[in-house]
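Below: the structure, in structure tokens.
Letters are used for the chains, namely A, B, C and D, taken in the order the chains are written, and counting of residues starts over at 1 for each.
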Amino acid sequence: MRTPTSSTWERWTRWPLAAAALVFLVAYSLPILDPGMPGRWKALCATVVGVLWLVFIVDFVVRLVAADHRFRWAWRHAFDAAVLLLPALRPLQLVLLVKVLNRSASEGLRGRVGLYVGFGSGIVAYVAALAALQAERYAEGASITSFGDAMWWALTTMTTVGYGDTYPVTTGGRVVGALLMITGVALLGVVTATLASWLVERVTDADDAEDERRSAAEREELRAEIAALRAQVELLVERSTPRT
Amino acid sequence: MRTPTSSTWERWTRWPLAAAALVFLVAYSLPILDPGMPGRWKALCATVVGVLWLVFIVDFVVRLVAADHRFRWAWRHAFDAAVLLLPALRPLQLVLLVKVLNRSASEGLRGRVGLYVGFGSGIVAYVAALAALQAERYAEGASITSFGDAMWWALTTMTTVGYGDTYPVTTGGRVVGALLMITGVALLGVVTATLASWLVERVTDADDAEDERRSAAEREELRAEIAALRAQVELLVERSTPRT
Amino acid sequence: MRTPTSSTWERWTRWPLAAAALVFLVAYSLPILDPGMPGRWKALCATVVGVLWLVFIVDFVVRLVAADHRFRWAWRHAFDAAVLLLPALRPLQLVLLVKVLNRSASEGLRGRVGLYVGFGSGIVAYVAALAALQAERYAEGASITSFGDAMWWALTTMTTVGYGDTYPVTTGGRVVGALLMITGVALLGVVTATLASWLVERVTDADDAEDERRSAAEREELRAEIAALRAQVELLVERSTPRT
Amino acid sequence: MRTPTSSTWERWTRWPLAAAALVFLVAYSLPILDPGMPGRWKALCATVVGVLWLVFIVDFVVRLVAADHRFRWAWRHAFDAAVLLLPALRPLQLVLLVKVLNRSASEGLRGRVGLYVGFGSGIVAYVAALAALQAERYAEGASITSFGDAMWWALTTMTTVGYGDTYPVTTGGRVVGALLMITGVALLGVVTATLASWLVERVTDADDAEDERRSAAEREELRAEIAALRAQVELLVERSTPRT
């Protein structure tokens, strides 16, 4: 969770890159949402996706070169690299936006975890719905054939409800589903853990305040004891001082 | 979770508003539960719902105007405002009842969390069942066609069991389902977190009691040491006192 | 979780009652598991169930009369009373067995929670399977028609998996299902909470041991300081003692 | 979680046994994954499985004989014994690999828990998929008929999603399913507990650092008080020293 010291490059490119991630997602989504789109629009979207992808690669390389410990940096940013290189993960570029929002906010650890969970889950669900729709739409016996179905499926999967009215039948769809299920388990865990840590802190704080009050009283007593001792020694010193 | 200092207005309107919320829910539910109800009864229910809605709006405005920091107050009560303005959320007025019960009880943080979870889940399940029933009842291919089905569906969704024998097919029903799933994830989280914080506290308390005993013994020893020192200084003072 | 001081009555009846609970469950189960059982065997089972039920009621009344604070005792044992009075809950008598095992074991709070969860879940699943089987067996369109199906359904429900290959269709079966789902949510919560409290304790203990070592060193230093002070005062006392 | 002091035997056999577990799993899997495999290949796989099984038994016996407290050792390794003796559990030999990886790593308690969860879940899902496939493949009305289906089923079960598009219909398959569901509940619990303990520690550490700073200041004050006292007593001692 430690945010590395942002270099000048990162500070200047932060917001433009977030905007680029948003445009990327729109250009990526449109041809999937509307398969009947005219060909030249499709070409435009593909071009935008391609150009922005190059932009993200350039940004990654610049940051890698500028890093102090390049191997450690590369290891820490393995997720970013995977998103850049695997076509299926590309829409996750948008997580960039969450990162930027996150750095602008500063509400303590739990606030940041909450922000990640809220935005992150939404983006993951949307992207998974798109990917599953693309994989399933024309498959035989598919139950995910519209974006509404796909979003509904993503939600029932992520919350581990799993009615079974919509489910993937292709291998691609199932891989997306598997990632979504694992995300769902992690989501449940994060929500619970955040609540538990909040409750534990509240209860512990009350206990600690009680302890603190008691132990402050005891320290006060000890200090009074020593002060009395000192007063008497003071008296001794005074008496032993030869009078002039 | 901090309850703001209740103004005189809040103290006086608390119980009447809770009663109004209960009446509101009954008048809202009846026409949905019995679609074959005679027209004039339906009209009566609609009137009661309308009048009580106005009452809730007046209460909201009065409290907003009376608040010290109106913007902060409005932000904190955004949920209340949403419940007032969106017709679909109106039955959640009943959460008012939980709030009132909650303020009357005073059994520590976990007791209050338990009360919210218990009552709150029940009300949310009931209201979601009503809303889903209204959306689904006459839809083609619907599996939620009676109030019993709707309650069963709400429960299987909220606990994330999701058999798939009943599930919404309309967009309205799916939106209700989505909210219910998210509530279910939160519910699981709250139940677990409350139990975990209880267990952690029990175990930590035992440890702390052990520590406390040991450290009390050490403080006692220190105090005895200082008392002995003081007795000797006392002796010195006495000896240095010129005899008369 | 506080076990009340066991009276002589409780100590003497503990094991016989646990045995009675086991026999009760067997006599209750057999006619449901084998509906084609000859009539006189059914009559025998019904008699055993009836007699043991009277035994449990006598035990409850004796303990109630012997209690110091009868109202508080009744409130604390409301669950026992409900189990006694509602026919549907009767098989839960077997939880008695868990209670007895629990009191015989003494492995700290988490060990007891684990025992409750392990045995308790098993008994609840078995009893729910029996109850659902009785309600569903001859229902139209039922998918729970054998004890194997019923146990499988109870398990898929309790773990919130909910495939939907087996699900209750009668009101009675759905009520059993609802209780089982809520138990399942609680079960998940208890498992997680126990693990979390274990992990928190392990990690906290390591931290505390570190703190303890540092603060022990500091206390030692303070004690040495005071001892030195005392030695010097000792010297003063000696010097001020008039030589004889 | 305490790792017993490894004997020389354990240190030398660790990696060979892990390799044997891997070969065991491959030889066990192949005939299930490709039922149309030529007979002599099947015989080879069966031979490898048999020989390695003997190897594992020899290892178990050697370690049992070498143990200081044989009964306690046997009790602690009951899981290993069950895996050795029950044919259905044999593929779980691979958990050996996790144990070895685990001992090689040394990243604190949570890191080890994470490793167990990650690798362990993967192996359990794979082994359960194999076992269910073997049980279900030729059953009537089965929905798990290929390895892809089996893996998909294992995943939906373990994450408690449970769509119901694939589910076991044989008793053998349902037993595997039951074990997988219980593993899934435990998995959810472990993920959540690990996250919760991490969050609690982070938050508690910040609080403790604050307390530590305050209490260090107080101890410093006390020490200064005693130092001043000592200086004065020093003066008294000096004055009482007879000048020569």
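Assume contacts are C-beta pairs under 8 Å (C-beta built on N, C-alpha and C of every residue); 3 or more make two chains touch, one makes a residue touch a chain.
Everything numeric in this text was worked out from a predicted model, so none of it was measured.
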| said: Please identify which of C-D, A-D or A-C repeats the interface of B-D; the criterion is that more than half of the contact pairs agree. | reply: A-C
| query | Upon optimal superposition of chain C on chain D over Cα atoms, what rotation angle is obtained, reported to the nearest 5 degrees? | reply | 90
| message | Report the inter-centroid distance (CA atoms only) between chain B and chain C in whole Å. | response | 27
| Distance between the centres, which are taken as Cα means, of chain C and chain A, whole angstrom | 38
| query | For chain A, which residues are shared contacts with two or more other chains? | reply | 160-164, 188, 192-194, 196, 200, 204, 222, 226, 229, 233, 236, 240
| Pairwise touch network: line, ring, star, complete, or other | complete
| request: Sort out for me which residues of chain C touch chain B in the complex. | output: 1, 109-110, 113, 157, 160-164, 167, 169, 171, 174, 177-178, 181-182, 184-186, 188-190, 192-194, 196-197, 200-201, 204-205, 208, 212, 219, 222-223, 226-227, 229-230, 233-234, 236-237, 240-241
| remark: Counting only contacts in the complex, chain C reaches chain A at residues 160, 162-164, 192-193, 196, 200
| message | For the complex, give me every residue of chain B touching chain C. | response | 148, 152, 155-156, 159-165, 187-188, 191-196, 198-200, 202-204, 206-207, 211, 218, 222, 225-226, 228-229, 232-233, 235-236, 239-240
